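Please find one structure pasted underneath; my questions will follow.
Chains: A, B, C and D, in written order; residue numbering restarts at 1 for each.
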Amino acid sequence: MHVGLIGLGNMGAGLARNLMKGGHELTVWNRSPGPVEALVAEGATRAEKPADAFQTDVTLSMLSQDEAIEEVVVASGALDAAKAGCVHVNLSTVSVAFADRMAALHGEKGVGYVAAPVLGRPDAAAAGKLNVLAAGAADSLAKARPLLELFAAKVWEFGEKPSRANVVKLAVNFSLASMIETLGEAGSLAEAYGIGRADLYELMTNTLFSAPAYKTYGALIEDGTFEPAGFKMTLGLKDVRLALAAGEAQRTPLPIASVLRDGFIEAIAAGDGEKDWSGLAGGAFRRAGRPLG
Amino acid sequence: MHVGLIGLGNMGAGLARNLMKGGHELTVWNRSPGPVEALVAEGATRAEKPADAFQTDVTLSMLSQDEAIEEVVVASGALDAAKAGCVHVNLSTVSVAFADRMAALHGEKGVGYVAAPVLGRPDAAAAGKLNVLAAGAADSLAKARPLLELFAAKVWEFGEKPSRANVVKLAVNFSLASMIETLGEAGSLAEAYGIGRADLYELMTNTLFSAPAYKTYGALIEDGTFEPAGFKMTLGLKDVRLALAAGEAQRTPLPIASVLRDGFIEAIAAGDGEKDWSGLAGGAFRRAGRPLG
Amino acid sequence: MHVGLIGLGNMGAGLARNLMKGGHELTVWNRSPGPVEALVAEGATRAEKPADAFQTDVTLSMLSQDEAIEEVVVASGALDAAKAGCVHVNLSTVSVAFADRMAALHGEKGVGYVAAPVLGRPDAAAAGKLNVLAAGAADSLAKARPLLELFAAKVWEFGEKPSRANVVKLAVNFSLASMIETLGEAGSLAEAYGIGRADLYELMTNTLFSAPAYKTYGALIEDGTFEPAGFKMTLGLKDVRLALAAGEAQRTPLPIASVLRDGFIEAIAAGDGEKDWSGLAGGAFRRAGRPLG
Amino acid sequence: MHVGLIGLGNMGAGLARNLMKGGHELTVWNRSPGPVEALVAEGATRAEKPADAFQTDVTLSMLSQDEAIEEVVVASGALDAAKAGCVHVNLSTVSVAFADRMAALHGEKGVGYVAAPVLGRPDAAAAGKLNVLAAGAADSLAKARPLLELFAAKVWEFGEKPSRANVVKLAVNFSLASMIETLGEAGSLAEAYGIGRADLYELMTNTLFSAPAYKTYGALIEDGTFEPAGFKMTLGLKDVRLALAAGEAQRTPLPIASVLRDGFIEAIAAGDGEKDWSGLAGGAFRRAGRPLG
C-alpha cells in the first residue's frame, strides 16, 4: 500500500520503520527536515508539502495538538488535494470537539477519517508495542487496521464515531495523571512520618498496584528529577484540560480532574513546565514544605 | 506458643484457623458468642473476658476502630492484667495519633506493642495471603513475625515505631479510594460519549493498569450494585478521614483526599453508607445525571 | 454625538433610553426586531445591518459572548465598514484572549476599541446606576466616557489595555459565584442542625457581610426557586470558565473557581441550566440529601 | 449580680471592664497572673482556682479550644463545685460535638449551660460592640442575656440547644475564610494581568461587596504582611476543621471548606502558622509564583 506519514516527532521514526518493515511504500512529511532525511536514507520518499503525503491510500498523522493539525492538514490545502479514496488516520491526542469537526470536514471532502490515538512511549512505538485506540467508519477502519497492527500490541476499537477514540484516550491520560498525583500525596504523607516514598511504592507495586503505570511512574517519582521529559508537563495540562472540556460539553463534572489541572498550573508556575508530567507529584511534597530534588 | 486473638469479625475466623494450623494454642475472645463457639469446636479456648486473651505469649487484636480498642483492650483492664512479657499485635486500621498513644501506654505497662495492619479481604485472610504491614520494637516484632507469616503472603516491615505501619496502611487505602473515584470519573466521562465503562476498564486493566486493585474494583463498578459490602462506605470515609488527620498533624495537605472525603459523605447522604466503598464511584455518574443501578 | 447601539437584550433598552435622554442621536441594531421597534417609536433610528450602527462616532455593543461578537461585528463586515474615527465600546463580558484579539483587530482597521463590561442588573441599567469597568487607549476612553456616565453610578478605569477591564469583570463575577456557593454551604450546614438558612443570612447580612451582593443573593437562596433567572446558570458557568482560562494563560491556579465550575456543571446536569445562577447554592443542599424547593 | 469570668486572653479585659461598668461584682481567673492583677486593681476579685469563679450567679468562660475548657472547667473540679443555680456561659468557639457533651454534663451537674460565641475582634469587645450568638435553655439564657448585652451590639438567639450557636459561629467563620481565599484568588488573577489587587478591592468594597468583612480583610491582604495576627492561622485551620467535622457528623459535604483546610495547612507548612489567618490569601499568589511580602 502507499502510505503517507505526517509528523516525525519522537514517535514518528518508530512508526515509519514499522510501516516500511511491513512492506509499504512510505511518503513522509515533517516541518523540520532532519527526521525526513534519516528516513529517506532508509527508503522513504520525501513529501515537499503536506498535500504530497495525501496522494496515498492511507495517510497517518501524528502532530502535537489541534492547532497544528488545523494548519498542516486543513489550512495547507492538503485535505482538499487528497487522492480519491484516501483515508486519514489521526494518531494525535486532540480535543473531542476538534475530532468531531475533523470528522465532519473529512466527510465533506470525501476523505475517510479514523481517530487512532495511541498509548505508549517512543520505545513502544519503535518496538511495535503500542496500544492503539481506534474509531471510525467500518470501511475506513478496515483499511487502516493492518497498518495500525504493524506498530500495535493491540488495536482496540471503539465504534464508528471517530471522537470516541479520543474520549477514551483522554479518560486514560486523566487516569494516569490522577495516579501520579495520588502517588505524590501518598508518598508525601509517608515521608511526613519518616517512611521513604520508595518503601511505600515498593509495597504498592508488588501488591495491589502491580501495574506497569505504577511501576514506571513510581520510579520516576522516586528519582525526583523529572528530567528529561518523556511527556511534558504542559502536555499533561493540555490533556487534563481537554478531558475537563469534554466533560463539560456533556455536563459531566470531574472533580479530581479539576484538582489535577490546578496542580499542573502550579507546577508550571513553579518553573517545571518543561519537565516530565510525573513532576505533578512534586507538588504534594512542595506544599508540605519538603520539595523534592 | 500460646496465642490470644481478640475480635472475630469477617477476618477473624481465617486468621484463627491459620494460627491453629501453625500448631499454636489459641485463646479467642469476641463480643458476640457465635464466632467463638465455631472456633472452640475446632480446638480453640474461649476467653471469658478480654483479659483472659492477654494471658498468652502473643495477643493479636482485630477490631473496627480506635474506640473499640480503647474499650476492649484498655478500659476492660485487659492490658493491666497482661501476662509478663506478652506482646500485643494490633492488626486494626487505627489513627496515627491513637497508635502513638497505644505504643506509649503499652510501654508504661511493660507490654510489647506491634502495629500490623493488613491488606486483603477475608478470603485472603483464610488463604493465608494477606500482606501484613508491621512495625514495632525489634524484639517484639521478632516474636510476632512467625505468627504473622502464618496468614501472610508477605510481611512488610516499616521500622521500630509502630504507628509507621498505620501510616502506610492509610496511604494505601487512600490510594485505593483515589483509584475508585478516578475509575468512576473516567467511566462517567466515557459513558457521556456512549462508550460503556466496561469497555474502558477492559482496556485499562489489560494495559497500563493491569493490577489486582483495578481489576477487582473495575468489576465492582461495572456491576454497579455495590452490594454486599466487602468494606463499607462508612469505613472508607473513616480511613480517608484518618489519612487527612495524619496529614494535618504533619502539615501535609492532601487535596485529592479532601475530594474523596466529600464524595464519601455525599454517598452516605444519598443512602449508600452500608454499601461497599467502591460505591464512591457512583457519585461521578450521579453528579452527571446518569446514576448507576 | 451620533451613537450606535448593538444588542438590545435585557440590558439594552435601559442603556438606549439613557443615551437618548443624554441628547444623543441613536442608531440601534438587534437580531430580533421587537426591541428595535419600541426604541424607534421613542426616536431611535433602525440600523438595517450591523454596519449601519458603525456609521457613528461611538458604537456600543452588548452581546452575550465571544461568538456573537465575532459574528455580528467582524464576520458581518461591520468593522471593515466603520466610519473613520469611530470608537467601538464593547460592554459584553468576553474572554481575555478574545478581548486581546479584538483590540488588535480594531487597531488594524483603525477603529478605536474600549472594553467596558458592567456590573449591575437590568434595573440598574435603566436607572443609570451601573458600575462600568473601562479600559482602552486614552483618546478612545475620553471619547466614550461621557456616554458611559449616562448609565453609570461610576466609571472605573483600569488602564490602556482593553482586556484588563475584562479581567476585572471576571474576577468580580468569580467572587460573586464563590459567595453564592459559600452561602449555600454555610446554609446547608446550619440547616443540618435545625437552624433555618434565613436566620443565618439575617445575621450575616446585618453584621460582617452587610453588602448588597449578600443581601440580594441571600434572599434568592432563601426563596430557593431560582426562577425567573436574572442571570442564567449557563452564563455563570461561562464566566467561571473564562476566569479559569484567564488564570491558566498566566499560570495562576484558582482552586475555588475549579470547585465552582464543577458545581455549575452538576447543577446544569440536574436540569437547572435555565435557572438563575444563584441556584448554584442548591448543590450544597442536594449533596446533603436535603434538596431545596 | 455576682459574675465569674474565666480566661483573660485578648478579648477578656474588654469583657471584664464592660461587666464591671454594668455594676456587677466580678471574680476573674486566668492561667497566667498578669491580666488578673490589672483587673484586680480596677476592682475585680482574684479567683485562686477555677472553682472559685463558679461560686457565682453566672460564670462566663472564654478559652481557646475544647481541650482547654475540658481541663479548666471539668478536670479541675470547678463544675462539680459550682454554686447551686449557677449558669455557665461559654463564649469560646468549640466543636459541635464538644458543645453537646458539655450541655449534657452541665445538665447532670445541675448547672445551666449557655453557648454564646461572639463575632468581633478585641477592640469590639472593649467597645461593647460584639455580636453575640446565643443558645440555651430559656431560663438560663434569660439570666445570661443582660450580661451579654453589656458587651454586645446585638445578641442573636438561636434556640434552646446550646450547640446551635456554635454551629452558627462555625458557619460564619467558614464564610470569612472563604471570602479571604476568594479575595486572594481574585487578586492574584488581577495581578497576573497587571491590575493591582488594591484597585480590584477598591472596586469591590465600594460596590457589590461593601461590607465590613471585605473592607477589613481586603486591607489586610493589600498590606500583605499578615502580622501581627489578630486571629492566628492555626485557629483559622481549627475553625474550618470544626466546620468540616460538624458537616460530616450530619452528612453534609462542604467542598469549599475542604479547599480552605488544605490552604491553611499549606500556609502553616510554609511557615505562616503564627501569622493572621488572612494570610490564607497569600497562597493564591504563592501558587502562581508571585508570593506576597
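The criterion applied here is as follows: a residue touches a chain if its C-beta (ideal position, glycine included) is under 8 Å from a C-beta of that chain, and two chains touch if they have at least 3 such contacts.
In UniProt terms, the chains line up like this: A, B, C, D = NAD(P)-dependent oxidoreductase.
It should be emphasised that the depicted structure is a prediction, and the values quoted were computed from it without experimental measurement.
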- Note on the structure: In contact with subunit B as well as subunit C, sorted by label, we have A, D
- Indicate the lowest number of steps between subunit A and subunit C, counting one step per move to a touching chain. 1
- Message: If you average the CA coordinates per chain, which chain's centre is most distant from that of subunit D?
- Response: A
- Could you grab the centroid distance between subunit A and subunit B? Build each centroid from C-alpha atoms only and quote it in angstrom. 38
- Item | Centre-of-Cα separation between subunit D and subunit A, whole angstrom | 53
- Message: Multi-chain contacts only, two chains or more: what residues does subunit B have there?
- Response: 247, 251-255, 259, 263, 266, 269, 287-289
- Query: If each protein chain is taken as a node and each touching pair as an edge, is the resulting graph a line, ring, star, complete or other?
  - Reply: complete
- subunit C-touching residues of subunit B, taken from the complex the two chains share: 255, 266, 269-271, 287-289
- Message: Which stretch or stretches of subunit B touch subunit A in the complex?
- Response: 96, 119, 131, 133, 153-154, 156, 158-159, 161, 163-164, 167-168, 170-172, 174-176, 178-179, 181-183, 185-190, 192-195, 199-200, 203-204, 206-214, 243, 246-247, 250-257, 259, 263, 284, 287-289
- Item | Complex contacts: residues of subunit A adjacent to subunit C | 237, 241, 247-248, 251-255, 258-259, 261-263, 265-266, 268-269
